[in-house]
Amino acid sequence: MVLELKVPHGDDLAALRPLLPVFLSYVLSFVYVGIYWNNHHHLLHAVRQVNGPTMWANLHLLFWLSLIPFVTGWMGQNHFHRIPVICYGLVLLMAGVAYSILTRILLRHHGKDSVLHKAIGSDFKGNLSLVAYLVAMPLAFVHPWISMGIYFAVAALWFIPDRRIESHLKE
Amino acid sequence: MVLELKVPHGDDLAALRPLLPVFLSYVLSFVYVGIYWNNHHHLLHAVRQVNGPTMWANLHLLFWLSLIPFVTGWMGQNHFHRIPVICYGLVLLMAGVAYSILTRILLRHHGKDSVLHKAIGSDFKGNLSLVAYLVAMPLAFVHPWISMGIYFAVAALWFIPDRRIESHLKE
Amino acid sequence: MVLELKVPHGDDLAALRPLLPVFLSYVLSFVYVGIYWNNHHHLLHAVRQVNGPTMWANLHLLFWLSLIPFVTGWMGQNHFHRIPVICYGLVLLMAGVAYSILTRILLRHHGKDSVLHKAIGSDFKGNLSLVAYLVAMPLAFVHPWISMGIYFAVAALWFIPDRRIESHLKE
Amino acid sequence: MVLELKVPHGDDLAALRPLLPVFLSYVLSFVYVGIYWNNHHHLLHAVRQVNGPTMWANLHLLFWLSLIPFVTGWMGQNHFHRIPVICYGLVLLMAGVAYSILTRILLRHHGKDSVLHKAIGSDFKGNLSLVAYLVAMPLAFVHPWISMGIYFAVAALWFIPDRRIESHLKE
């Protein structure tokens, strides 16, 4: 985990206060990286063989995830100002798109009856997340905390144990 | 291991002296991260299968461990001042709680006769550590070195080859 | 992935503009490290046993790859000035040479009929890349962007699904 | 590999000149870390089971290796001044001692006829290295480059394919 917090100079709790926004964005990014790590683990567990396109799609995903520490720090150090918040959303969106591409490439190489297919399901959550990011980004012009609220809501969505919820929503 | 020591500018031993508290906290944190790495390795070795809650509990543990370099640096750079020492203890406590949660989730999915159950035992040490952290934190208001002493004592506790000691203590 | 981007101080898009050259060199290096990671994975997958010389050759490759973040940052922060661009090419060249040495050592220990031999093929691309770096480096004295163009072209060359192209070129 | 080189501000070769000592110490440390990584890999490959003391001995080794980037940077930034050069030797010595302890603990748990025993041999090189470090450290008071020469010589010693040399020396 490459996210980093700079050590403050003071020795009291007040010294931690300016770090609060950085810490908050750190927590959010930790959760997002955790979600990707978690799902990525599940995904690759169900994969039987890895080929060229898969590795490129995987690298593409890693590229966007590698930008998360950068946008996290930028957003936190600017107290969730509009533009950094939008850029944060953009990186989340691109990581989501990259994950979706990786999933599709993997599905194409595995049959419809494969374990992988059952493990991924309809990717309802994935698509909902992409839409949420697209909605959240322009809303930062109204107020950045609306975007932040949506980013947190999407993260929460992935925490809920879902199979059942998903099937209800699809009916 | 992400703990870091900044290179001093001088070229004599005196240049190292201001680094001494940072180095001391580095050693303590190295030992703690080592203990977690060690036990974590043993724990996951005995696990037969990993599921969703396990990964979340694991991520929760990693979150608190990821804060150790931050509190280590803060504590060392402030010569073990009261508040950083308490925050250090708080992170140790939360990591301990996270480890305990991970252990319980793993035990719930494995029977009482499993290898895992025998590997973990009664978790006497784990609980004792949590109590020690809770006692150590407020004692920093008396003197931070009392807290530090307890943190070192807990670390030492995990070094001792224990099964026998544990069973004696429980009798 | 150890490439790093420093967080800017401003909170608008203008704050990102000075980072553009750094970002561009970051992307190029990410692609190169990705190519090596990708091919390295394929290479070691086909290897049956690892011996001393192999590990030294591997370490030699890692040494040059470990310098990529340094030359990337240097090149990006100096807006692709001549000398950093040449040094960047030198590191790419040496990494290419190291990869070629690793490949040859592996081939010597595996027969001509081995999976490894088929996996590597004639290493036409590898040799073409080395020649391209050698051509690109002095051309930085004409204009650094000529060198950069060649570096990007070599990276693109490794993206193309190749077996067929290769065999056509060899005819 | 956590060794790091700071990006210089200039854009010509002269900007690299002050980095030369840092680079030289980087190369030396890279080789040392490589040797440990190499031998460690061979060592653990021959091990059949890992127990508590082994993991502690391993952690002890990692502790000293984790200090190498620090002493490397300190030594390089002070142009190989006496005290940093001695500290560098001290860390090499302690890493060597830690490796020796790890080896002995592993040997105690495996019989004399084990693969491990044959893989390690008489550890002539290991002991010679320890003596060399002990000789090199005080010689820094004569001139630091004498110590540096010995550090390089020890590194070179580990490069040579050795079984035969060793047995000749032992006769």
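Letters A, B, C and D mark the chains in the order given here, with residues in each chain numbered from 1 onward.
We take it that a residue touches a chain if its C-beta (ideal position, glycine included) is under 8 Å from a C-beta of that chain, and two chains touch if they have at least 3 such contacts.
Because the structure is a prediction, the values reported are computed rather than measured.
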Partner chains shared by subunit B and subunit D (touch criterion as defined above): none
Numbering shared by both copies at the subunit B-subunit A contact, with half separating same from different: different
Relative orientation of copies subunit C and subunit D, as a Cα rotation angle in degrees, nearest 5: 90
Far-end chain from subunit C, centres as C-alpha averages: B
Rounded Å distance between subunit A and subunit B, as computed from the means of their C-alpha atoms: 29
Gap in Å, rounded to a whole number, between the CA centres of subunit D and subunit A: 41
Touching two or more other chains - residues of subunit C: none
Overall pattern in which the protein chains touch one another (line/ring/star/complete/other): ring
Interchain pairs in contact, sorted by label: A-B, A-C, B-D, C-D
Contact set on subunit D toward subunit B in their complex: 52, 55-56, 59, 62-63, 66-67, 70, 73-74, 77-78, 81-84, 87
Subunit A - residues contacting subunit B, complex: 1, 3, 5, 7-13, 16, 27, 30, 34, 37-38, 41, 159, 161
